[in-house]
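Multiple structures follow.
Okay, so subunit A shows up in both of these, paired with subunit B first and subunit C after.
After this line comes the complex of A and B, so read on.
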């Protein structure tokens, strides 16, 4: 939220500097007209579907012209009804994937970023090539990895294993985690790298002179200073991972306990033509993601922003 | 002041542009009526791999210059074809006058009121295969002109099993031959997707079980016959007659196993014949085809195929109805068999000497088609199919017992048809 706030504020403050004579009042109006098209477009392409899906979720799914208003019945049915086991199972699966993949991606991404931040010959090439997995569409990644994880695929033949990867619960989950990590660790690496690059060299030099060893420098300088970027990267990834769809859908069609919440939404809305239940499912998924993001920002993010501002003011005063 | 004027002008311009856009959208909707329901129509089908659809359409267009058909080619994936149709039908759009419907969608589309009932005399005549007509019938009315059909066949290695098995027990006995040659005995489609519904339904139907009552309103799966049917497949997984990797097989992987000489028997659609009989095939001249097997003789295949449905929102329904009947005529159906390499819905074409010469499996296929049953007919087909897939998949994996699987399947089906 704080990021968007700054973005919106930025243009008028800049104009103010250029044209000091213009009154504050007309500045605000100009800003309003400037952002109006964006707001209109966002309302049309994002607001309308969200609102209509929430409204639809309050109606039933009976066949025929008029669908009856059922209030929160769809929500109650999803959360506590006969099929609630499916919903909670998928919620568990989704959070399992989110926690495992984001942890792995953060660790690997951080390591990649640290390496890419070092000055060495061929660094540009490395940075570009690390991005390749991220540039490939997830559906293509999924097909690629599906072939690799085939019972007679390259992974079994290289390792000499005879694992039917997509044929039972844990191998399927491991395969999905590997494919997801392969694809998105570079994204995390890039965000962290951006954070690393703004750390001035003189801080490290001062630490070296004070006798801090490499481990201490990493723990006391790199980590705290890269923390805001790291948290943004993790937040982005958590939000993304909670919406995971392509990989399990292509690997297993949701079999072997790999049905995520997004797969459930698609199943009920598109495949079973139950937009009421589908709307309720997608609203619930949205709420889950929102609450997770909110908790994340509250527990870690707010602290990060506070610490960030403190260091800034300190820098200014010194 | 000038600045403000400029802003207002551009906003006004934007408004005008938007208004004209909506105006365009509006005018497209109001077509001329009072033409007796005749005029140009559109026909949407799945991806046309043989390029013969435009030829058929040209033929029609030359005969009916004032009622031309425009071809809309959709994705090769059935799910995406269905999404295209459903999106436009939900919006009551007349974009597609005639739709190419997979047999399992017909009930669903009809129940939503998206399809126009057709005259049985024109599209369900005595030469049309009864199972195909059945698949296009919902609540006693015919909602699609059967256009293509399909049934499963049992492929076997004629060099290793000179006399093909005639019952399921005989097939299981032949598995000793597979063991001796270090092959898998049987391959089918057992990954959790529509193919598993087809295979599980065949096993259960062949053993005398069923899923839903003919009207689709009662669950009938909880029977000893259903258990016996599913048990066959589970046994074969358990004793290694089906490869453990079988739970990931779709049509292609199972065909590959047979074509690569790794499986003795294969359940698949007729299309595998073309690959198996190709000049570079490892098993050319070494395989045969027969009907699927049951406890005492031939089994029951699930029915595949395509019905041509007329959209309830079409402005030229009379033309559309004539077109779907024409697509079912002898001459069009010959193209279906000889050029598109698909199974016709007309019985008479299965004994046509010329066609049989090109596709020697036609008589066996007809036998299979005559005893085939449609998959459960219900407007909630996808939920029903998911219930069948999920529970039989877990039974095949050995995660749950056959008894648990069928009990749970009955409960899930009850939920699904609500």
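After this line comes the complex of A and C, so read on.
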């Protein structure tokens, strides 16, 4: 790397002036052509389905040649009709999972990050083991925990309990929360750790000299300074948790009130010949997640792009 | 130490269970008394199409990675290096799309692919996967490109290179580690994808491993497939874990920059 560096810097700069005058304009044009393909691809892959599902949701589901235009009838049906319980039930389940798993993962993740930030011996082992749950496919995680939560499985055997975990609502939900927390808390810990490592040591030193105890240092220095990284991690996790599919789909197949919005949409796509209602469901799911993200950014002032600048500086320093 | 146990114990349990025979599998012994490889044999037996599923997964995740990298590199170079208006808006849009719920595009795409006779084909899984892997790639690559030394490119431009030449001859060789890390992250996310694959692939011909494992049968047809599923889980997970451990430093910085699973 250093050789290359010298090669390039060796000839003394001849035309430093030219660069300043021409770059700005041609940069814009070049940038446009470099970014265009990615934007076009995403517009086709994502824009087309979103628009077409919105359009399709405005039409009825009668079998035959021409489907009638029904306006918002599908939405009214899903939200307030006879079967509206299905939608609201799975929306409630989805938000329940999101709130509970993200809270647990944030608490455990923060604790793990604080430990990892302190530990000097065995730091490599720590970081390595933290990556293991993240690397295991969620589908495999689901199968693993499904067997662990078997009535004669390891969990009941270790705890001496006799619970049919996948048999009723709350045990199923608790099992899914535990499985998700195991898989994702380490990942949250990594995100928070990146924020912790930006805090310079001398801030703590100064506080120590001023007589602040460990609790005060955590509350008055660590928490405020790690807040941006923490909020970004929570935002990412909330949006991810609202899309939850793999775990409940394999665990209970959505039985016992563990049907999330994603499972509901997939079911309506695959097993029912109702593209209109399916379109309405997927549009509503999209809207719910979008509104949640928007509210999150507005209320808590999460600055995802700005936070990236911080991780950047961290990367340079390490 | 607690953290290590928390992370590794369930994985250890998977490993141990994969080594137990159907008779021992539910004895809940933490150390296998009579370790056996028979589950690994069952994974590749005729009634499970696991070998085919491995090939399918490799092809799908590999294609997704290549496509996402190809377009992601150009876009993220522009976003990290060039000055233009609307840069932050474009970057925020890419971030927003990577947070996009997959189900929102699944229903219409499923109908479209059904009309085209594409159900149960590779491309019907690769195309939706691009929707999350391309924004992910752009986002991580942009932060890698940003962290590279600016002066090198400036020097190349001063020496008369066009931006494109500067990119090819100076930045790209330096970017190889970052690009490689991004490739690993994209590959893992595509390899682990389940929801889209579970909807699109309907026969073993196109099933990736995640779907195949969830539908496994046991050593004999009437057995509980616990050991077989765990053995298959070990097979699809261990290569990932090895790669991840070798490149753990880079992966961690890529993950924290991307912030996306």
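We take it that the second predicted complex is superposed on the first by the 276 of 318 C-alpha atoms of A that agree within 3 Å, B and C clash if a C-alpha of one lies under 4 Å from a C-alpha of the other, contacts with A are read in each partner's own complex, and residues count from 1 in each chain.
By definition in this document, contacts are C-beta pairs under 8 Å (C-beta built on N, C-alpha and C of every residue); 3 or more make two chains touch, one makes a residue touch a chain.
Everything numeric here is computed off the predicted structure, so don't read it as measured data.
Asker: Superposed on subunit A, are subunit B and subunit C clashing or fitting side by side?
Answerer: In the superposition, subunit B runs into subunit C.
Asker: Which partner, subunit B or subunit C, touches the larger number of subunit A residues?
Answerer: On the superposition, C touches more of the residues of subunit A.
Asker: Taking the superposition on A as described, I'd like to know which of subunit B and subunit C A:232 touches: first, second, both or neither.
Answerer: So A:232 only meets subunit C here.
Asker: Is A:38 in contact with subunit B, with subunit C, with both, or with neither (first, second, both, neither)?
Answerer: So A:38 only meets subunit C here.
Asker: Is A:83 touching the first partner subunit B, the second partner subunit C, both, or neither of them?
Answerer: In the superposed model, A:83 contacts subunit B only, not subunit C.
Asker: Which partner does A:166 reach: the first (subunit B), the second (subunit C), both, or neither?
Answerer: It touches subunit B, and subunit C stays clear.
Asker: With the two complexes superposed on chain A, say which partner A:270 touches: subunit B (first), subunit C (second), both, or neither.
Answerer: In the superposition, A:270 touches subunit B and subunit C alike.
Asker: Based on the superposed arrangement, let me know which partner A:255 touches: subunit B (first), subunit C (second), both, or neither?
Answerer: After superposition on chain A, A:255 lies in contact with subunit B alone.
Asker: So which bit of subunit C gets in the way of subunit B here: 110-118, 164-172 or 236-244?
Answerer: 110-118
Asker: Once the two structures are fitted together, what part of subunit A is touched by subunit B and by subunit C alike?
Answerer: 37, 150, 152, 270
Asker: Along subunit C, where are the residues that touch subunit A in the complex?
Answerer: 2-4, 6-8, 10-11, 13-14, 17, 26, 28, 71-72, 74-75, 77-79, 82-85, 87-88, 90-92, 94-97, 99-112, 127-128, 130-131, 134-135, 138, 143, 146-147, 151-152, 154-160, 163-164, 170, 173-174, 188, 191-192, 194-195, 198-199, 209-211, 213-214, 226, 229-230, 232-233, 236-237, 240-241, 244-245, 248, 251-253, 255-257, 259-261
Asker: Taking the touch rule as given, give the residues of subunit A at its contact with subunit B in the complex, in rising order.
Answerer: 33, 36-37, 63-65, 82-83, 150-152, 164-168, 252-256, 267, 270-273
Asker: Which stretch or stretches of subunit A touch subunit C in the complex?
Answerer: Contact set of subunit A toward subunit C: 1, 4-5, 8-9, 11, 13-16, 19, 23-24, 26-28, 30-32, 34-35, 37-39, 41-42, 45-46, 48-50, 52-53, 56, 112, 115-116, 122, 124-140, 142-145, 147-148, 150, 152-154, 157-158, 182, 184-187, 189-191, 193-194, 232-233, 236, 239-240, 242-243, 245-246, 249-250, 261-262, 265-266, 268-270, 275, 278-279, 281-283, 285-286, 289, 293, 304-305, 308, 311-312, 314-316, 318.
Asker: Given the complex with subunit A, which residues does subunit B contribute to the contact?
Answerer: Spelled out, the residues of subunit B in touch with subunit A are 7, 11, 14, 79, 83, 86, 108, 111-113, 191-193, 243-245, 247-248, 253, 379-380, 382-383, 386, 389-390, 393, 397, 415.
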